[in-house]
Amino acid sequence: MELTQSKLGRIVFARLYEDEDLLENINLAANQSNVKTGMLTLIGTLKHATVGFYREGKYETTHIDGPLEIVSCIGNISLKEGKPFAHAHIALSDEKGEVKGGHVMQGCIIGATGELVLIEAKDLHLNRKLDEKTNLSLLSMEKQ
Amino acid sequence: MELTQSKLGRIVFARLYEDEDLLENINLAANQSNVKTGMLTLIGTLKHATVGFYREGKYETTHIDGPLEIVSCIGNISLKEGKPFAHAHIALSDEKGEVKGGHVMQGCIIGATGELVLIEAKDLHLNRKLDEKTNLSLLSMEKQ
Amino acid sequence: MELTQSKLGRIVFARLYEDEDLLENINLAANQSNVKTGMLTLIGTLKHATVGFYREGKYETTHIDGPLEIVSCIGNISLKEGKPFAHAHIALSDEKGEVKGGHVMQGCIIGATGELVLIEAKDLHLNRKLDEKTNLSLLSMEKQ
């Protein structure tokens, strides 16, 4: 375990609209608001989802038919190749209340609404760096 | 996607007690602390739950027998008809660890404890407005 | 319902590494950063998990084989016997996207990564106190 810390910065609210891609629009919100490092939570609904499961160096993907409630979507913002980038995981419920989930991939399409909250770490610029062992862009605790 | 932002305000902790209604008491905590716009997270236990699934203009409800762990409850506070109002989604686990969830409705009854955290957006007063297409009170990004 | 509030303090990011115990290392991060009261969120992966389900005065435990995505892990930090202590609940997805979860016990072992965010309540020192009825260390709203 390794840690770093900072003062808190701003809080950003974003509304995502029908047919928008969840991941693309979290990234867009982080870029437009210039949140370089922070925390995120989101609730709302999806028309359908694509989630990932990491195993042995790559993400296996699962498509989940909707409509779906976004029971939770949490994660963080850091810099990847110099740009704000969201890493988020999601849990989704169907009409019976049954829950599926995983790593948020492109292909999670907003239904009626998505309500995003970002909380910014002020003056903290954490980076993701490709890790050869896992083939993942892992969060580095080095301050820059 | 549309966004708005503000400084951060206060952090509020609330303890919910046995037999209290989850949604009513998140709303009470937001009203008593005067958090008009913010983020929420909560963990704890429920005796039983009522969750919603949005489809075609209305919430279908599912009753879930307990006892249950509140695996996660996240969402936001905004103003509805001028008063602080919680929009929260929930995931719940049973004795086998199996998870169900959905939109938090009235009828989620606290078991041993509920531990709520609110984080306030300072001087930001976001409103919910009835959307005719979806028949939902959707979060508006207009600052007031 | 009972509440208390404070100013916000710092935001802490921590990376948890392969084979580290999730709960032990959230506690370590809170202790090293001296966050006495706060909120936590975490995503990442686990090799396998041990989760609890509270019933009649004790936690029943369930072992969950992995690998697993940490779909969500949320909770709070307070003081137990004078030391920062995490209370966290977790949802975990398998290769089919199916989700299990519960109360985080020792025995949740990090896979490729764990990405923790703590948000500190400044100058707020909430304590856990043993409750005889439930046999749980419940969060007290008394400021100290």
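Going in written order, the chains are labelled A, B and C, and every chain counts its residues from 1.
As a convention for this text, a residue touches a chain if its C-beta (ideal position, glycine included) is under 8 Å from a C-beta of that chain, and two chains touch if they have at least 3 such contacts.
Note that the structure is predicted; figures quoted are calculated from it, not measured.
Asker: Quick one: compare the interface residues of chain B with those of chain C and tell me same or different, with half as the dividing line.
Answerer: different
Asker: What's the rotation, in steps of 5°, that superposes chain A's Cα atoms on chain B?
Answerer: Result for this pair is 120 degrees.
Asker: What is the distance, in whole Å, between the centres of chain B and chain C, each centre taken as the mean of its C-alpha atoms?
Answerer: Result: the chain centres lie 20 Å from each other.
Asker: Two or more other chains touching the same residue: where does that happen in chain C?
Answerer: 8, 41, 72, 74, 91, 99, 119
Asker: Which chain B residues qualify as touching chain C in the complex?
Answerer: Per the touch definition, chain B meets chain C at residues 8-17, 20, 25, 28-29, 32-33, 41, 43, 45, 67, 69-72, 74, 91, 93-99, 111-113, 115-117, 119.
Asker: Enumerate the contact residues on chain A facing chain C in the complex.
Answerer: The touching residues are 1-8, 37-39, 41, 51-55, 60, 62, 64, 72, 74-76, 87-91, 99-103, 119, 121, 124, 126, 131, 134, 136, 138-141.
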